[in-house]
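Residue numbering begins at 1 within each chain, and the chains themselves are lettered A, B, C and D in the order written.
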Amino acid sequence: MPGNTIGKSLILTTYGESHGTQIGGILDGMPSGIEIDLDQVQQALDRRRPGQSHLTTERNEEDAVVFHSGLFEGKTTGTPIAFSISNKDHRSKDYTQIKDIYRPSHADYVYQAKYGHRDYRGGGRSSARETACRVVAGALAVQIIPSIEVKAWVSAVGPIKLAVPFEELNLSAIDKHPTRCPHQETADQMETYIEKCRAASDSTGGIVTAVATGVPVGLGEPVFDKLQADLAKALMGINAVKGFEIGSGFSSSEMTGSLHNDIINEDFSTVTNNAGGIVGGLSNGAPIEIRIAFKPVATIGKEQQTVKKNGESTVIAAKGRHDPCVVPRAVPIVEAMIQLVLADHYLRNLKYNA
Amino acid sequence: MPGNTIGKSLILTTYGESHGTQIGGILDGMPSGIEIDLDQVQQALDRRRPGQSHLTTERNEEDAVVFHSGLFEGKTTGTPIAFSISNKDHRSKDYTQIKDIYRPSHADYVYQAKYGHRDYRGGGRSSARETACRVVAGALAVQIIPSIEVKAWVSAVGPIKLAVPFEELNLSAIDKHPTRCPHQETADQMETYIEKCRAASDSTGGIVTAVATGVPVGLGEPVFDKLQADLAKALMGINAVKGFEIGSGFSSSEMTGSLHNDIINEDFSTVTNNAGGIVGGLSNGAPIEIRIAFKPVATIGKEQQTVKKNGESTVIAAKGRHDPCVVPRAVPIVEAMIQLVLADHYLRNLKYNA
Amino acid sequence: MPGNTIGKSLILTTYGESHGTQIGGILDGMPSGIEIDLDQVQQALDRRRPGQSHLTTERNEEDAVVFHSGLFEGKTTGTPIAFSISNKDHRSKDYTQIKDIYRPSHADYVYQAKYGHRDYRGGGRSSARETACRVVAGALAVQIIPSIEVKAWVSAVGPIKLAVPFEELNLSAIDKHPTRCPHQETADQMETYIEKCRAASDSTGGIVTAVATGVPVGLGEPVFDKLQADLAKALMGINAVKGFEIGSGFSSSEMTGSLHNDIINEDFSTVTNNAGGIVGGLSNGAPIEIRIAFKPVATIGKEQQTVKKNGESTVIAAKGRHDPCVVPRAVPIVEAMIQLVLADHYLRNLKYNA
Amino acid sequence: MPGNTIGKSLILTTYGESHGTQIGGILDGMPSGIEIDLDQVQQALDRRRPGQSHLTTERNEEDAVVFHSGLFEGKTTGTPIAFSISNKDHRSKDYTQIKDIYRPSHADYVYQAKYGHRDYRGGGRSSARETACRVVAGALAVQIIPSIEVKAWVSAVGPIKLAVPFEELNLSAIDKHPTRCPHQETADQMETYIEKCRAASDSTGGIVTAVATGVPVGLGEPVFDKLQADLAKALMGINAVKGFEIGSGFSSSEMTGSLHNDIINEDFSTVTNNAGGIVGGLSNGAPIEIRIAFKPVATIGKEQQTVKKNGESTVIAAKGRHDPCVVPRAVPIVEAMIQLVLADHYLRNLKYNA
């Protein structure tokens, strides 16, 4: 039973392999009559594209999204919105090196075990290329809830951490630095660290922090589809993510109730936001604050021990240029998944009136 | 659109409010012909029950599960298994104190906002009492995959942390200490800390670590229903959970690829397990290692500032006896949710043969 | 993968075997704050009960529905509504006669083949007893859309047919005759025919006609969840149903377009209703008119050739008293399934407002 | 909440409007490693194409399906199969005539009411053009179950009916006659009747009969996803379908149990097949026999009374050439929907082995 669909009222299904002719998806459930800014979608996609800065790979993908249905005279029609993105850079390559090898911390072996074969062309479906479709869908989805703004940024790269509360950050500066960290000094340190990893033919992990503001009160469907549960699922499904926190997150485990409880004001807002904007599985109107941990990229230039498909020992070292840190490019993907979940729950929460 | 159902091939739907006459659920999708050990189910439930040790509340619930269908002559029939648990302790109480108050960090305000009313009787559906149904379902589910063993334990209470790798722990000792920490010395410190919180009319958070061994290779359905994504959803939906990590988790963000990559042995096992048993969204046969952060219990005896439904400021202090730390009781709930997800994905992964 | 759930926004899951201790279900998705008339639910259930007239069996079931959750102070809370009905008449019986026999046109053989065993106690889950849960759920569901009225009646029993258009029938007379045919003269003929079948130790089929009025315009979700598609699924899933028609139904195949097209009036109503209230998969506000064919009851007193589980030939004749015609008792079940589908689509159609 | 997806283990989602640039879909859940004959898919599609015979319209669509993913080296990969079909004939046309008119028995009015706008270009999503995607998906799906053969043919056109049991028909002759009726004499009469309707600027309905042989025993998931229920849903969702019968169908309502019951042979086959291959919601290995009623095409050349969007009375007569009878072209669509449902249930029924 497959798993290429997410959402219940706003339903995204994606397809496509890294080195097929195209990738794409169908977003079903967009209400009719909504004016859609297609430039906004392309801009989101451009932020994810490789080759944006000297920190990332040079895969030459134009990544222009094309829409095939569901839009008429600039508005949604209420029918499914299909879109596709060409894989321009899928020319036949020399996969001899990896065709018969299981790379460390890649999906090669488990895909072979599950599907009985392996699409060795650039990782096939397990490649992060599929996340481009998530970005398209998220940028469409968010347009149904004008009050909501979702912002993500890089808050850690390896040991370099940004500890400033989001209210004190200039979030409009996120895209001004190749690291997508909105704090110049920290960003510069991150850049240096990434360059150092690259020089060592190595890679680094990092953390993305995201904040959604303007979320209406009451989104989420207990007891299993609580808002934080669906956010966790959506975000943990992004390639390389190893951890998810909301609000006080892991630090809450060290706190006492009297310190952790968010005192309620007379207007029902809260003094603190340890909840991270979600209480009892429902949004409470405060900013939803999330942190996502990304492991370092598995593909590195350094030599590593590994095995062939036949179990024979071998050594592998990735050729060519590889991203030493994908976390800056993950920022729009994180935003998109949050946008999708919020829009889905917004529609799931539509009010009944007799 | 509601959210009281989880799973796609093995489907659990639960019902019931804290102070109704009973809670229960339907587990649909259990294959036919499986011998079920009902004692095992009751034992799992007993581990969650309040009043097991001097550390927990004394709510007098027998929590005996009754099965209504789907079992015949000791085996599953392939039809839905319905079960219920009586709420024996739901006698009318004095809710005057909280009926018109929104308690800090409780779901009172958001439930009122979403549903237009509030079941003030012990929290209604937002009470953790519903998790008893999860435990029943998990203990049934795990019986379809005999190879799998899921073990959870308390690895942190407030600032007291257990840093021993799971292979070095005596997991059979988990239930021998009221804290459910299998390391005697650490467990004793946790107990002391919990008692201290209680004495201060306060509460504490903590962390549960869980390990699933014997998981077949290939469970998980990319790209949205990756195994870690569904585990994250299942676990983040438990009351009070604020964070989820798998394998190297948040620490992976600080690591380099050369350090983090799990080198593959000639038998396709890995030298290290930073992946936490899941690569590319699929189980790789290594132990699945998860850590879950629980915030401190919101209900505390200390006086706190809060508001009435009409927005008027007031002060609240919980009466009677309350759990200063629910993390030990969360252990069987964590296990159950992991069991449910693994069993669901086991059935989703059944092999096609022409 | 199981199939005991129906609906997407209003979701019913049922459980229970004919001779277990109880049957029941969970109805999830009922909006909060709706006053529920529980007597109305019990009355619907009473109409399905055996032993109501001299035409039906005498199984002594009180069929009192009990609610366990989701209702508080007379209103829905927005949480799942669980209910159960005891099987009072499930005393141990002598199943020796059928335990090792596959009865003609019963599910005995296919259940054995699919599930690897057979619940021989009164048909287990394949018994029509499960339809009691459908009646409860339908009677709850319809209370969310006060404008809608669903009426069903018996329009044919064997060769005896009622050909009067529904507008000319006195639908308040449906329950006044044991056949549930609202046309006295035809009803009397049906009764005579049923008695004749009984006297011959035989059974008869029949047809139920149903009309839903007051349905808002626009219910239905093309292209796969068109309203008539979901109605067909819901009704074809009732035991013994062999055919489904809407509006002009099979007779439309003989008509020309100029005759069949429903001319639109200036108020957008139509002159005729060959559409049966649904155009392009969407309700158009006209009455939804459906006809359902029921095959004759398979259990008959007459001797029939059949086989044992081991393939040996044998002869079977049902002992005791059996319903010669279940169609009158099917009337509330048909109504319930229509109510469920309409309520589900009503909620699926809730309007988005930015 | 949208409805453009069908199936639970084998999941089809389609998109596309009649006069957009393309239509297409994603078929998710195809097992990996299956050799796919793409010619077989194109051939099925060719059978649905307009302009195949002098009986149908001349819309000049090449209808070449293109695959974008899920296939590698001639086999399925286990990832989603995306496909598209260009709308070559979607050049801008003069829609002035119908833009402001609600045509009788078309979806114009209800689409406007539901979606707040109307895609007047050839019916938009309500056009039967979307069924091309169903044909592609069905032709892919059936390739996973080699034992199954699904054959459909035209068994009635207006008053001309074919009453020969399917075993006596030469089903290889179906495509040899433009009517797709495999009985030469009846087929010729049908053709004459269709020509007569065309000459009168009118249209006619008809009936398609379908038989699926080689279906394994035990497909279907009671109590709501019985095999006949899902078949009914799939087929009632095809444009213009007004009725569905299985096995004895509506005629069963006139029969007695002793006549209708299918006596079981010593090899568990049945002497008769009134069941139509499904008992208790499960396939029993006998041929699945279905009859589907199609109403006459709504678009006719004859003048008809109707209304404008503003409620003003007007007269309409379709210009140009229109299909007087779509039933022959519906044959591959009926086959496809049956293939999809059987393949979905085949995968839902995969066997658990501990």
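Assume a contact is a pair of C-beta atoms (placed from the backbone, for glycine too) under 8 Å apart; a residue touches a chain by one contact, two chains touch by 3 or more.
The model shown is predicted, which means the values in this text are computed figures rather than measured ones.
*Asks:* Trace the shortest sequence of touching chains from chain A to chain C and report its length in steps.
*Replies:* 1
*Asks:* So which chain is farthest from chain B, going by the mean of the CA atoms in each chain?
*Replies:* The chain lying farthest from chain B is D.
*Asks:* For chain A and chain D, let me know how many angstrom lie between their CA-based centres, rounded off.
*Replies:* Here the centre of chain D sits 39 Å away from the centre of chain A.
*Asks:* Hey, how far is the Cα centre of chain B from the one of chain D, in Å?
*Replies:* Taking the mean C-alpha position of each chain, the two centres sit 47 Å apart.
*Asks:* Find the geometric centre of each of chain C and chain D from their Cα atoms only, then give the gap between the two centres in Å, rounded to an integer.
*Replies:* Those two chain centres are 26 Å apart.
*Asks:* Among all residues of chain C, which ones touch two or more of the remaining chains?
*Replies:* 1-2, 4-5, 8-9, 14, 114, 125, 347
*Asks:* What part of chain A is in contact with chain D in the complex they form?
*Replies:* Its residues touching chain D are 1-2, 4-5, 8-9, 11, 13-17, 20-26, 28-29, 32-33, 68-70, 72, 75, 77-82, 84, 114-117, 119, 124-125, 347.
*Asks:* Please give the residue numbers of chain A that touch chain B in the complex, ascending.
*Replies:* Spelled out, the residues of chain A in touch with chain B are 1-6, 8-9, 14, 102, 104-107, 109-111, 113-114, 125-126, 130, 156, 158-159, 197, 200, 202-207, 217-218, 220-226, 228-237, 239, 241-268, 270, 274-276, 279-284, 293-300, 302, 304-307, 311-313, 348-349.
*Asks:* Spell out the residues on chain C that touch chain A in their complex, using ranges where they run on.
*Replies:* Answer in residue numbers: 1, 31, 34, 144-146, 347, 350-352, 354.
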